[in-house]
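Two complexes, one shared chain (subunit A), two partners (subunit B, subunit C).
And now, the complex of A and B:
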């Protein structure tokens, strides 16, 4: 029990004291058991008061403090800091909200507001009396990180983490690194090819000995928590004999006449059964499609030195301190019949067109016919009022217009038609829009309620659009190719990663950060960060920015080898607990498991690093053996008793004007710092400007300005007109 | 800020004009740190008035409220207990609404055993900007509590 308590009640410059009689309350609590200091202060958060509080705590040897002022959301950390500076455990401090939850909502009934404030403060005193000096939990952190997904975001983050001296495991599901960026022939604004960027990043990664890259690898199991995640990674075999020379492998590839669907080229071509995504794909080892080759024993026999069918998949257990998830996105797959997709030939998606362009070096040919005109339909699978994807996919306007520019520069005379809803080539990308207009591309604006239609007539494709730019007149276009500008969607396998790491998923199915502005790469799971497009649509620069932010967070976390965790976690009373498992059942974080204590008793054990302190386990315990620190029965019931206790507030009588006028400044004079007293003395009889006060006191003008402004804010002085030149305000005592 | 003079007159006016006995039912609210408590703060910020006999204890999550605390409050003179839950927005657990509901059911069982009307406990999901809904909940609950006969 705390028995030397300090109580500080804030006027908040009238925000509280206009309605709650804080002076009366401070007198009242002076007589309360265990209370040593009880004060009402103009602004408890002011630096001068914080210093006074530190002095009080040390001088009166206080063992706990109660601050009754605004919402804890504002100044909880301020007063934890005060406690800390005075050598008091920050957990021996309780914040009582008598502004947002008392003086303001009850400004219509000040007497009752005062009664309520008394109850709230008494509850705070009762609670702090039971408060414990809790120490932050020290969690050991393994200096290793895992990056999941080796797209541009993941690779960049892995380099950054490695450069900071961390052990890095870069895990990629595909057999080759690079992700979606490798499918882009050219990227705005640098004009570099995606493959070139992938090659550079991979070569840089290879220079770091502390990075291990796993390809064809998936995450199978995750246990542990911040500081020590135990992760099982399953690595699929490539079925290539690692000892064989590259020339022989190449011969086997050249000789292979078995083909399968080419996922990398989005179904536009076939790939061999022993393949790489593209010739320069990295790591530079092909993969054998065993399924496709199973009916070709002759080939397998011929190249048995190259193809090793006995290679088994491997499960590797890794221990890391933190995890960065950069699993990326999927392209929206239009439904069958959506703008004629899959029903009408020559209707493809933008990612397919990008692949087609790379596969067609001289002429753009599709379905055996040279393409002379292309119509892009924007916002397919994005910004759907009625559909699932309400959001804008952010990158596609720029990507489409850049593609349209490439079409012209690469193949010469191609007419582009853009059927858009709004063009969002924000930032530097706007110049592309202008270029596209200048090169003669035609833009038609449609609305979601009147979608363009794609049909086949005798001659070919008939694309009809109601153009909002020409008074909704229906236009008919006959393009050779219709390109559906598909947006980004969350990866189909995102739920697998979400379940393993318990990362929350938003309504848009992307991973959720804690706060889009203030905690943009953090998740509610300590030690697990998200970056890149797995958290929502982004262009390449934005994706890399967020993954690098995640990498910096992880570097900071791993640097010291330990982290301090919040002590507000669940704890078990071993004497009472009989291990029934109910608490473990309801815990979403698997923070509780059965343990055998020193006495050989089976009880619930709490992993403090994982526990979030939500308290869900406490009410379900049939014997009341588990509780959350700071939310113990003693503390909460003492608070309730505090609310319930009778309060007597004396009625005040109306006082005279003269009496009050005298005591406004005088009553607080002894609390003011010396410099205030000096300044007040100079303006006591006559109003003065700041330069005049400076002249009289011979102190620095900035000091006078600062303190006069502070006194003005606190209502001690007030402006009284300006001087003749209207250069300076006069100040007088209020 | 009211000056000292106006302040004194303000108090005097109100103190004399109001009766001493505040008859509105005493309500204990359990709020949540991240969502419903900011909603209740919002009501104050916007000076939306509700009964001054409403007292709030903030918790990390509504699924951590123990039925014994609810009983304790009702036995100590509170007329009703209101759980301002996060509903499906809870950042801790997707099962939060069901768990909180279980707590209400368990409390009502205990209340019935002690001859306390189970209507004295109520729960609603409250968002972080639900200022008016909170004030409305308090008004409605006060009316229900005032009308209870046991």
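And now, the complex of A and C:
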């Protein structure tokens, strides 16, 4: 219990004292138990008063302070600072808000405002009496970070993290790095090759000794929290004898005649059973598809020196201080029959077309027929009013238009048709849209309620669209190829990552940040950040921007080796707790788990690094063994008692208020600011309007207006009729 | 169901239009057009039809004729798709569609064909002069006969069938069933538009251009009447002689102003002059000028010693009557007024 409390009640220059009788209150709390100092001050936050407070605390040996003034949003830190400077623990201070909660909202009922303020201040005094001298929580952090997903976002982030001196583990699920951009021959708007970017990034990563890249690796288990995450990574074998030279491996690849579906080329071709995603794929070690080769013992026997079937998968335990998730996106897979997909031969998706173009250097041929015209249907799997994906996938409009430009520049005479809902080539990408129009591409606008239809007739594909640009006339197009512009969806295994790290998932199934504007890469899990397209649709630049933001946040977090946390966390009374587990069940942050204390008793243990002090655990405890610091039962009950206690304040008569004020004003005439004196001087002999005062004093009209109005309010000046044109009031000294 | 035909754009480019592919259908052109109305809005719709190659829709439409090319749309176009010039090219293309002989299209699309025709007519004139042994009297006599014959033939053989085709495309194929009565009621509109071009007055703020055009049309038609029916070159009637002088003077003064506009290229409509435009305006100028000079030489009694002047006039006249009038820009005069006539019929209640 605090016994020597200081109470400071603020006038706020009239903001509070005009309605709340602060002088009466300060007199009243003199008599309160435990209160040593009780003052009302014109501006508590003024420098002079802060100094006086420090002196009070030291002179009277105060052990707690209460400030009744404005919202803690404004001055909580100011007075914590005062407490700190006076040698008091900042947590032995309570802020009471009697401006926003009393004087302002109840200006029509000054007495009630005063009564309410008295209750709130007494509650504050009672609370501070139970306050504890808490210290901030210090969490040690391991100067190591894990980046999950080695696409362009993850690789760029890994480089930045490594450059800042962190130990970095870059974990990639696929056997090769690069992610989605490796599947693009050219990236808008720069025209750079995706594979070239992947190569450069990989080479740069290799120059850092503090980056370890795991490919064919998945996250299996996560324990721990901010500062020390224990993560188990499972690395799948490549089944290639590491000691054998590259030439022999290449010979084995060339000789392989067993083929399997090629996921990298999105089913457009077959790959060998010993393969790389593409010839330059990195790391430069192929992978053996053991499943595909199991019925080919001859081949396995022939190359037993190359293929090591005994290689086992490995599980590696890593300790990191923070995690950046950059797991990327999946392409939307159209449903069978959606615009004829999979039912009509020449209907493919945009990612497939991009692969097809890279695989077709000379002529664009599909299903044995040269393609002379291509129709793109936009927003497939995006912006669905009724479907699951309500969002716009952001990159596809530009991607499609860029592809259309490539088609024409690469293969010559190709007619492109664009069936869009809205063209969103925002920012600098707009130039591409103009180029596409210029090269003769035709644009048709459709609406979701009247979708285009794709059918086969005798000659080929018949694409029908109700064109909103031509008064909804139904148009028929006969393209050689229909390309469905599919959007981005969350990774199919995003829920796996989400479960391991407890990252919340939005309605759109992408990972959720805390706040789209103010905390755009942070998750509710401290130390876990998200970047790139695992968070929602983005183009390459935007994805890299967000992952680099995440990398910067992590660098700042890990820099000093420790992190300071707020002491407002849950704590357990070991004597009472019997470990029923109810608190752990309700905890959203998995901050509570069962531990065995020194006495050998099973109780709930709170991870202070993870706990956010939300307090959901306290009410569910059947034996009242868990509480949140600064919000203990004692404190809350004392506050309620304090607020509920009777307050006896006699009503101030309105007339005395004004009289007193006038007296004060008259007495302190010499105390007026210079500008008041100047204005009063100009109207001393003769009444003047505001423009006339402005003209005389040569100062800004707003200043004159403001100060004249204030003086009018306090009865220093008074209006004296209007001028002839009735435009302005004259003012004279009252 | 309309079939999209992207090839049409390249066909229309031969009729003079530039790059209209950049159009992104904002509709600024229609919004800014002072002639476009809610019931009949253009040019955006026409650009859209052209881009998609909906030939039937264009052929049955009269909208290209409703535009008098003030150039406001071209000025306001955010994509420099030049809607004004597109409407102009559509008028040329429509002219070619209406013309059963196919010469209009040929001449618009291939300048050499047009030049060859002009040279052939010139050779024909020389041949005729030779046939009458370069005798001025006979040349004047047969020249006058030729004028009358040419007018009649062009009307019967070219204009009437072409106007019928225009009617078939824009009224019958467009599915309009109008009672005969409407054809009579709307006749007033036909003549008003033909002789006053009153729509052009609403086209932009430049009423002077409209006035110039009106005076030119009246001067041209009355000169035609004066030379053909009052036999200006043969008459002794002082009134007729002075009338002819005035008419021809008006023609070449106004055409000089029009040529100047096309050279200076200040106005949008004068920026994209095609050979067909140049020949039209220059030949009109030459007609006025040579007619004036011929009559002057007659009055000064020096034509006998300057037969070349009459031959030159006859050549200009023949090329005008046989090529430019039936297959060139002159037909705008007819098609525009008939377009307004048909539009009126279409809009009337049946």
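One rule holds in what follows: the second predicted complex is superposed on the first by the 534 of 734 C-alpha atoms of A that agree within 3 Å, B and C clash if a C-alpha of one lies under 4 Å from a C-alpha of the other, contacts with A are read in each partner's own complex, and residues count from 1 in each chain.
The rule is simple: a residue touches a chain if its C-beta (ideal position, glycine included) is under 8 Å from a C-beta of that chain, and two chains touch if they have at least 3 such contacts.
Quick caveat: nothing in here was measured; it's all calculated off a predicted structure.
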Between subunit B (first) and subunit C (second), which, if any, makes contact with A:55: first, second, both or neither?
-> neither
Go through the superposed model and pick first if A:417 touches only subunit B, second if only subunit C, both, or neither.
-> second
Of the two partner chains, subunit B (first) and subunit C (second), which one does A:261 touch, if any: first, second, both, or neither?
-> neither
Just subunit B (first), just subunit C (second), both, or neither: which does A:104 touch?
-> first
Looking at the overlay, does A:437 come into contact with subunit B only (first), subunit C only (second), both, or neither?
-> second
Of the partners subunit B and subunit C, which touch A:615 in the superposed model: first, second, both, neither?
-> first
Quick one: classify A:476 as touching subunit B (first), subunit C (second), both or neither.
-> second
Touched partner set for A:636, first subunit B, second subunit C, both or neither = first
According to the contact criterion defined above, which of subunit B and subunit C contacts more residues of subunit A?
-> B
Kindly list the residues of subunit A that each of subunit B and subunit C touches, one partner per complex.
-> none
What does subunit B use to touch subunit A in their complex?
-> 1-5, 7-12, 14-16, 18, 22, 26, 28, 37-38, 40-45, 47-50, 52-53, 55-61, 63-69, 72-73, 76-78, 91-96, 99, 102-103, 106, 135
Touching subunit A in the complex, subunit C uses residues 1-4, 6, 9, 19, 21-25, 45, 48-49, 51-52, 54, 79
What residues of subunit A sit close enough to touch subunit B in their complex?
-> 13-15, 17-18, 21, 71-73, 97, 99-113, 115-116, 119-120, 123, 504, 514, 524, 568, 586, 588, 612-616, 618-620, 624, 628, 631, 633, 636-637, 639-641, 643-644, 651-655, 657, 660-661, 663-664, 715, 734
Contact residues on subunit A for subunit C in the complex?
-> 415, 417, 433-434, 437-443, 445, 464, 467, 469-471, 473-478
